[in-house]
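As written, the chain order gives the labels A, B, C and D, with residue 1 at the start of each chain.
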Amino acid sequence: MTEPGERAPATADEVMTVVAARELRGRRTCLVGIGLPGIAASLARQVHEPSLVLIYESGAIRARPTRAPLSIGDGELAETALDVVGVPEVFSYWLQSGRIDVGFLGAAQICRYGNINTTVIGPYRQPVVRLPGAGGAPEIAASSREVIVIARHTSRAFVNRLDFVTSIGHHEGGDSRKALGLPGDGPTAVITDLGVLRPEPDSRELVLTAIHPGVAVATVRERTGWPLRIAASLTETEPPTALELDTLRRLSAGRATGSAG
Amino acid sequence: MTEPGERAPATADEVMTVVAARELRGRRTCLVGIGLPGIAASLARQVHEPSLVLIYESGAIRARPTRAPLSIGDGELAETALDVVGVPEVFSYWLQSGRIDVGFLGAAQICRYGNINTTVIGPYRQPVVRLPGAGGAPEIAASSREVIVIARHTSRAFVNRLDFVTSIGHHEGGDSRKALGLPGDGPTAVITDLGVLRPEPDSRELVLTAIHPGVAVATVRERTGWPLRIAASLTETEPPTALELDTLRRLSAGRATGSAG
Amino acid sequence: MAELVPLADAVADLVRDGDRVALEGFTHLIPFAAGHEILRQGRRGLTLVRMTPDLLYDQMIGLGAAERLVFSWGGNPGVGSLHRLRDAVEHGWPELLDLEEHSHAGMAARYSAGASGLPFGVLRGYVGSDLAAHTRNVSTVTCPFTGEQLTAVRAFALDVAVVHAQQVDRDGNIGIWGISGVQKEAVLCARRSIVTVEERVDQLDARTRVVLPSWVMDAVSVVPQGAHPSYATGYSERDNAFYARWDAISREREPFVEWMRRHVLETADFSEHLRLVAAETAAAVGSR
Amino acid sequence: MAELVPLADAVADLVRDGDRVALEGFTHLIPFAAGHEILRQGRRGLTLVRMTPDLLYDQMIGLGAAERLVFSWGGNPGVGSLHRLRDAVEHGWPELLDLEEHSHAGMAARYSAGASGLPFGVLRGYVGSDLAAHTRNVSTVTCPFTGEQLTAVRAFALDVAVVHAQQVDRDGNIGIWGISGVQKEAVLCARRSIVTVEERVDQLDARTRVVLPSWVMDAVSVVPQGAHPSYATGYSERDNAFYARWDAISREREPFVEWMRRHVLETADFSEHLRLVAAETAAAVGSR
């Protein structure tokens, strides 16, 4: 083991990934969405919750990746999985049936109620930026018992109003999600490179509940497109441990050998 | 090879099986129902149509049994199959989708329009004889491109009116099957131990089109519960060839070693 | 999360009087050992669900454990009738059995819909058959795109699913190969589930085609030959001779009850049952 | 019945201008060779269907072969945007691309329903999403048992399905293992189908999990590395470096067209394409 002193300090992205991984502690099954969730889920399984079952839209059930997969259809996932089922089955027998504890999603845009846009910036028919689209996210967001979101905290991402609701969070707040007939609790945590947002119990509006070491509350507010409220119990994130950081860097290095970021 | 003279003459059941097997010539895919179809389908593949794809409700796709399976869930079927799929898949992706050329069924009771009863003799709630029930037959009868039925010709089986319609044939005759919205042609041949019945083109009523060697037309009429009409072109069945009979007996012997009839 | 437990404990914990229970197996992998244990523990008032009830349900019905049967084909494959099932339906002995009867396609759609968390399944089925008029849980639904009318069946929601399988690995995951029927769907439809297996292994066999992950089951019990007289591909052959013998054993009421008492109810467990049956089979072969 | 034919013949016979075609593959087994051959033969006006359009559809859209895209996620996994797809949608270059956009669950249900011969599929999906309001072929259906409202999606009915797979056996049956996506459903939804494979073998590998029987396909072509830069488990690794390089190749219109002309349109076949790309990869590594 290297001494902490010899280690480069954690980047903001690394803190985000480490904190997101911690959020999976005590969970049994996680459907790992495309993008940032991939490496955090791998880290959680290696450091916190070896029995955590990682499931991917590509059909890999209980994948045990030893490097961060580049995509949700990576060969590594199939090769280390307990089972690989067809894509229709993963959505019907595994997700829709309510067998997923945590849906773990990224977001291009997210609003104060945790609704997510991954479809388009600007009007749908005259897009300013066309994003990749929904993928599995709408049903992951709807059918998982709870949802954890990971996203870089920029004012372009954390907006007052989404250009397009791809995947439902707490809808218009309060009981409005439940009124749509959706199971599950919706987003319970949004992990960013600045801190952690969680829904206030009644309004379901996202408020800042934890802030990462060295980040100013003012910075978080600046980069949030709605008047962000701060939880009375605001805490500071525990910095990444040596084990977390070493494991994350080992996972990332494995990914780099795949040579595409 | 034994000389024909040394061979025991074909029994009525053997003639029925041989003639039913011939009916599968030129067909590509056959869904093999429970009971009498099993051995005839195996015979057809061995003697007439080596590329005939036999599919079973149990999920065995392109099974190549070398002995007559005792049941449609016989281990022999799975072990010789190209693929074994789940039961939901065999009914949805393979039968319902219209991929079966011939549905091959047995019958406890059959009427003049080729409708089949395998459910009950007597009233449904006060049965005289409770039969095994529908199994896969209703949808095999409905969704296959055509249906071939094999049944022993008795007056209890060939009845004027079914006690219960388990599986649809030509319904009430004429265009009435088509009017139900069913695909496929319904029963195109009913093979018995006395002869072969086929639907008349317009009325879709079953008429006697071939008679087995040594069987009197009067016998067939006696054992048929409706006033059976005889096709103008009535032919006599070609007797089983040495190859057909030897192969059938070899298949049956394999089955006997399973020691249950 | 599946725990490895003795079968008697699994049944005691997970199967209750009046439960809606499926002991599934399409000719292959029928959970006889678990069914016998349910009888030994005297469960009553069960709704028995299965596509192809055969000897095991004949035994359970004949001893009066069931009040309803939901099924699509009930016979002794290649042999003939199920005499106990027929006696219950035709003469109400030992008690009247309520039948809810479907086609295989309908049952399969009910299982798939249940496993998928949907309230109903859609199929082209039952058309022109008298079945729909005599059964429950079959209806119609109209395609919102084409206007076509299709058949709808209610999804299964079971209290307990019980299946047999070949293997459990050290993490409690189940592996099945050969004819897999609706083993997976039955477990995924049920609030509680028990799986009996031939063997515990370090890693599931490479032939495995259907996997039941540990966390979808409640209990796994290792019961070698636990499907007898049905079979487990790779472990045992179907005991066709026993299926044929069952015709005589089950034909009359009193001899049936006596046979069940001696071979099932008064045995300590399934291995004692197997020893008794094997001894009789050997004697029968010897006396031929 | 599938015939073993050269890929160029298969495409000439089976893919027509204006067809509704799915070239499927979920990261794994994407039929690049077949897609290139469709471009070489100049097919136009295609409706391209796929859950995860990536580089192949970017290429086809960028050359103007498609007039509509039916999809659920369009990006370069782990890299970023599909620049040609974006240019077509954002600026109508080379022509305006009509989008019909779904979720993965909806696309999967459309494929399954099509493979099952049903006119629609049922799911719990699209609820609370703006997707349903902006797309076609999504509706609702009411459960006849519970009264619950669910989402209905129209079944796919494709003109042609094209997939890549690992093996074909001597009878023309296809074997797939690893991530199987909707390869089977796509073929079963289509009136015509083409499968490219890595290798012809006497018997399918024991790892095979998904089988496409010979008689459901029209043409099978042996094209080693036919999924490059995607991969075929057991035969090749995903060329992640090429996926990363694609970002630069595709960013601007003229260089993209020039690249496609040199590397695809003016090559004789896929093996020539592979040689060109491999040589450039080697040069790039050498110059690092």
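Criterion: a residue touches a chain if its C-beta (ideal position, glycine included) is under 8 Å from a C-beta of that chain, and two chains touch if they have at least 3 such contacts.
Because the structure is a prediction, the values reported are computed rather than measured.
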Chain pair, B-D or A-D, that carries the greater number of C-beta contacts = A-D
Taking each chain's centre as the mean of its CA atoms, how far is chain B from chain D in angstrom?
-> 42
Determine the centre-to-centre distance between chain A and chain D, using the mean Cα coordinates as centres, and give it in whole Å.
-> 28
Averaging only over C-alpha atoms, locate the centres of chain A and chain B and give their separation in whole Å.
-> 58
Residues of chain B that touch two or more other chains: which are they?
-> 92, 96, 143
Chain C: positions in contact with at least two other chains = 112, 117-118, 123-124, 148, 184-185, 209
Could you list each pair of chains that touch, in label order?
-> A-C, A-D, B-C, B-D, C-D
Would you tell me which residues of chain B are touching chain D in their complex?
-> 28-29, 53, 61-62, 82-83, 92-93, 96-99, 143
Touching residues (chain side chain D, partner chain B) in the complex | 1, 112, 115-118, 173, 184-185, 188, 211, 213, 215-216
Given the complex with chain B, which residues does chain C contribute to the contact?
-> 26-28, 51-52, 71-75, 77-79, 81-82, 85-86, 89-90, 101-105, 108-109, 111-112, 123-131, 134, 148-149, 178-182, 184-185, 209-210, 231, 233, 237-238, 240-241, 243-244
Quick one: in the complex, what on chain D touches chain C?
-> 117-120, 122-124, 137, 139-146, 148, 150, 152, 154, 206-207, 209
Within the complex, chain C is touched by chain B residues 34, 57-60, 70-75, 77-79, 84, 86-88, 91-92, 95-96, 115, 119, 124, 127-130, 132-139, 142-143, 164-168, 171, 177, 180-182, 258-261
